[in-house]
Amino acid sequence: MLSFAWIIPLLPLLAFITIVFFTRRNQKLSSLISIGAICLSWIFSVIVIASVLKNPVPSEFEFTWLNLMGFQVKMGILIDSLTAIMLFVVCTVSSLVHIYSVGYMQGDPRFSRFFSFLSLFSFSMLGLVLANNFVEIFVFWELVGLTSYLLIGFWFEKKTASDAGKKAFITTRTGDLGFIVGILILTTAAGTFNFREMFHAVETGQIPFGILTLGAIFLFAGAVGKSAQFPLHVWLPDAMEGPTPVSALIHAATMVAAGVYLVARTMTIYLAAPNAALVVASIGCITAFMAASIGLVQNDIKRVLAYSTISQLGYMIMVLGLGGYTAGTFHLYTHAFFKALLFLGAGSVIHATQTNDIWEMGGLYPKMKITAITFIIASLSIAGIFPLSGFWSKDEILTVASHYPNPIFLIVGILVAGMTAFYMFRLCFVTFFGKPRDQHKFEHAHESPKVMTVPLMILAFLSVFAGWVGIPWLQHGYGSFVFHQEPHHAEPNYILMIVSTLVALSGIYLAYAMYYKKSISPEKLKAKFPFPYKVLYNKYYFDELYQIIIINPIMKLSGFLFNRVDVGVVDRLVNGAGNFTVFLSDVKEWFDSHIVDGAVNGIASLARGTGSGLRRIQTGQLQNYAFVIFFGLVLIILFKLS
Amino acid sequence: MIGLNHFLTLSTILFCIGIFGVLTRRNAIGILMSIELMFNAVNINFVAFSRFVTPTALVGQIFAIFIITIAAAEATVGLAIVLLIYRNFKGINVDNINIMKW
Amino acid sequence: MLTGVSEAVYYILAAIIIGSGVMVVSMKNIFHSALFLVLCFFGVAGIYILLSAEFIAAVQVLIYVGAITILMIFAIMLTARLYSAQIKQSNEQVVPGLIIVSALLVITIFALSKTTWKLSSQAPETQTVAEIGKLLMTTYVLPFEIVSVVLLSALIGAIVIARRD
Amino acid sequence: MNFPILSLMTFIPLLGMVVILFTKEGQDKLVRYLAAFFTFIPLVLSFILLSRYQGSTSQIQFVEKFDWIPSLGITYFMGADGLSVPMLFLTALLGFLSVIYSFGDIKEKVKQYFAFLLLLEVGMMGVFSALDFFLFYIFWEIVLVPMYFLIGIWGHGRKEYSAIKFFLYTLFGSLFMLIGILALYFNVEPHTLNIMVLIEKTPLLTRSFQLLTFAAFFVAFAVKVPIFPFHTWLPDAHVDAPTAVSVILAGILLKMGTYGFLRISYPMFPQGAMYFAIPIAILALINIVYGALVCMAQKDLKKMIAYSSVSHMGYCMLGIAAVTVTGISGCVFQMVSHGLITGALFLLVGVLYERAHTREIGAFGGLWIKLPVYSGLMILFCLGSLGLPGMSGFISEFMVFIGSYPAFKVIVPLAVIGVVITAAYFLRMIQAMFLGTFNTKWEGLSEISAREIFTVVPLAILMIGIGVFPSPLANMIKATVENIVHLAVR
């Protein structure tokens, strides 16, 4: 009954093909096709979610794609509650971003191309969500990476943009390396690519524990790359070089969540391999804290949001590692809306002021009321203020963390919540309030057109209310819809709620005090703790570190291999062999001419010597010959007579 | 008492003189002369055998005539060659005519 | 068998022939050699008469003395000026030549002395000229014709060879 | 015997060569059309071949067999199975396209050039359809001669050096093959050179004999593939050859090596295959990672692509070494896919070189702005080459990994690193050449012409076609590959 779901990714693909081959020249038509396709997909996704709600039994449809002995790949779709939620989130955010882009990308010479890429991305992302096996998910995983590359480097004239695209692609591909190996390990052990068949194998213990753990950890590497987790998080902040709608769609709401989705999808494996799960949780925890701390001091509005994304993704990964399937996916779901809203709002601000630096903004509230209000709503939501959606999902996460024996996860979780509140409101206060710092830019600033603000408002609505499906008091809320094995009915933990709210509020207050009232001077703090500030400001020096310990050695190695080994040794050996052969032939030539030929020539010259000795007899004097003749005659006669 | 052997001995001596001339003379005409001597020695033999062995048949004499004729022809050609040699080698000393030398 | 006067004539003739023959091959002056050659030919003609071959003797005188020797002298005169140094000639390898020749001579004479000939005691033909002419035109007509052709071709050949071109 | 399609495919280019040699000097246009015509016929025939091929069986099909030199057991034996049919098609396609491409490229000694090109096609077709060692060896050697002249006369740079290096290197390799062939001939009763018969008999020979002969054939094929450390002829020959010849060199000649492994070495010497599995896999790993790293250091675009061939052929060898159906299928896929992709990349490099007269990566920049179609095609093929899903390269690499992982649990994960490095060097190249600010020095560059587009579009269609629907190709090779594996694990 749900087999029509394959149409959902197909529509954007068709839009992509149409735009590339036919309507490229007509910008307006191109954008309309693209938007139409994704909106249609959204309608289908709503139908899917409705029917899954009605009948939550997972359904699967597939066909054989490639069939060889011992290697059968099927392509198909798996629809369960997780897929349905993801479809809904992706379609929603994607269609809003599509619409928003019409305004944001207005006047860009490559307007049509932008929409074709967006469509291609939507196709890939929806395909990824629908995939029912590892090959398929990997295929779309890579396609998503490609579109991300293309969109980050969309303004490829800017060196930073094309650099960022390259960095993103290569960094995530490094993670994919682990992904491939993980797939190899797991599928070889289980003998299938299909998710559910593999989960069945895992649950029935067909895969040895060691292999399972190893495979799970390798698999997670893919998620680390895609979801920008420590230590492969470095690409995401740079990816902000792309157009802001792209950042909102791909690098905040959907694609980066693919890693989280992967872990959620393969939850069975991690539950069966607790060591791997612990690795997952630890990575998530480290990432959440690290990224949040970097976010505290960044000045680029989009970079702050990027680190916030990394941090929130770390949150989700952490809770998934702790077994909080429902909590993780729930946060993924709510986060998508408010993070997309934040980015789109930031985009609106950037669109108005033509700058990314928050210290060149300020006092924008009166000029761009809708943007400011929606931005603040999103900030409240991400900070986890009651009763916005962020509050409920964060609460779920902290609840799960509190069940874990080691309190470190809970502590970090609360700490990160506080930091999140602080840096988000630092952003709000600096950007929208206070005095305008750059008068020229301030005057130039204006509210964005309707096509941009309407998506903002819709997202703001969702940021507030989307989380309400997961209110712990609900009997049939999110937890009874998206769950692993058994419905997880979140129990309200009032102490945690209060604590986290307090922490968030104090974070907001701190930001208010520092950046609005200026009762605490950030400059003094900076001066007081120069070293931590510097470390944070330079993002823990990850880029520099990678440059030194990975990129430079590899470049050196490749140069070395080419210049020294390939040209210097292998090729020289080959040429040496050639020259040696030439030398040998010289030697042989000498041998030939002196020894072999010498013998031959020796015989010849012996003959010649003899001849030239004997030829002296040939005087040419006929009389000498006659003399000999008669001499012979005498001899013959004498002989005869005797 | 002069018999066949006398004539044969005479012809032998003459023939040997001719050989000696052929072997030692350095002048092409001299060599030709020596050859004529040898012809004469042969002719003496023929005529002598004709006289003492077949006195009535005259075969030896006929052959002597033929030999004389051939000798004349030989002398003609030989002397023509000598002239040619003289013209080409500016001399008829056979020492100089050694193009057959190695 | 010759006896008496004939015997003396033979020895004289033999001495003339051998003496002039030796002179022919040993004279320094080629012109003198040619003259001794004439003498030698006369001697041989005498021997023919002694052997009762008058026709041969006549032919000997006609051709050898009359034709060949004159030809020789012409050749000498054409190839060298008389009395010039060029006319002088020398003998080489005389000693080995003498050895060879004397060896040959000794051997031949030795062989002659050992040989017995089937001698005929008939009287020799007296009308030799007519007989020879008859034989040449009958029994030996073919060799005769061939010889004449050889002679003709020799003449033409001599002209061709000696011709200045 | 019915329609001798294989012989026709092989010898029609020869006929074409003769016809071209009879044309008057200077009639370049006629020569070009003749060459196109005589390569188009084999292409049409190859479509017939594809359509009439029965994929369900591993039997040799389209057999043409009769005695040639009976006293020596030599037969004229042509035939095709699932391994050769894709290769024959690829040969016909690339042969035709490279002739079309050469229309504009070659301006001197046109007649001789096309004559050699056609002769080259004869050799390649023959190698892929001959099933008698004598015939196989003849065709194998025929390929060298025109290649030598094509590089040496119409090449660039150090062309004579490269041509000689190529020639001697491959000749060095085929020497070992000759030894191997003779060894087989004299050790099998009755003496025969029929490959199919030999495959049945050789496993009965002693182990040490199998190992030695395997090693001899290995050298011959390793040079062609090329496997590290026999690879240094490749960058020189590829870079210095004229574009169309580079295409054939990369697209088909390299496959002769892997084809040899699959047709001869593995089915004939199961012992050797087993004994040398790990060393070959290690060499394949070196090829993959080393080749990719070396690519990163390249400043010359063509050289980079040449080295990328070294890396990509490593996947083939990895798939072969594992002797699994999936691995070897992956290898065949990679053979086809690499032929398509690298062929197209060389064509595109040629297009740029013809206009800009330089291939230095650093000399360009922002070409996407000026040449959108060209850049789009180039980036498409680069993405295909770095194994992006949806294109043929991904399928083959993935199949190789899946197929060889059970056999080499350590080597394969290391080989996966090659995928990342491949991405890195291709992206670096794309960034340096097509992205960034436009280098105004190239204001005068003209967009890729319709004829040139025509030469790469079929390759793009096939690349994406195989990437999206791999089943047709998989079904075609399936039975044959299963048979090879069956023979190789005796």
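Here the chain labels run A, B, C and D in written order, and each chain numbers its own residues starting at 1.
By our rule, a residue touches a chain if its C-beta (ideal position, glycine included) is under 8 Å from a C-beta of that chain, and two chains touch if they have at least 3 such contacts.
Since this is a predicted model, take the numbers as computed values, not measurements.
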| remark: If you tally C-beta contacts across A-D and across B-C, the winner is B-C
| said: Rounded to a whole Å, what is the gap between the Cα centroids of subunit A and subunit D? | reply: 33
| Whole-Å gap between the CA centroids of subunit C and subunit D | 99
| task | Give, as an integer number of Å, the spacing between the C-alpha centres of subunit C and subunit B. | result | 6
| task | Starting from the mean Cα coordinates of subunit A and subunit C, work out the distance between those two points in Å. | result | 129
| Sequence positions of subunit D contacting 2 or more other chains | none
| request: Would you pick out the residues of subunit B that each touch at least 2 other chains? | output: 19, 23-25, 95
| Numbers and ranges of subunit C residues touching at least 2 other chains | 92-93, 96-97, 100-101, 104
| message | Please classify the inter-chain touch graph. Allowed labels: line, ring, star, complete, other. | response | other
| Which of the chains touch, listed as pairs? | A-B, A-C, A-D, B-C
| query | Which residues, counting only subunit B, touch subunit C once they are in their complex? | reply | 1-10, 12-14, 16-21, 23-27, 29-30, 32-34, 36-37, 40, 43-44, 47-48, 50-56, 58, 61-62, 64-66, 68-77, 79-84, 86-87, 91-93, 95
| task | Could you pull out which subunit B residues touch subunit A in their complex? | result | 19, 22-25, 31, 94-95, 97-102
| task | Give every residue of subunit A touching subunit B within the complex, in rising order. | result | 612, 615-616, 618-623, 626-627, 630
| note | Per the touch rule, the subunit A residues reaching subunit C in their complex are 623-624, 627, 630-631, 633-634, 637-638, 641
| Touching residues (chain side subunit D, partner subunit A) in the complex | 165, 168-169, 228-229, 231-233, 290, 293-298, 324-326, 329, 366, 368-369, 383, 388-390, 394-395, 398-399, 401-403, 405-406, 412-413, 416-417, 419-421, 423-424, 427-428, 430-431, 434-438, 470-471, 474-475, 478, 481-482
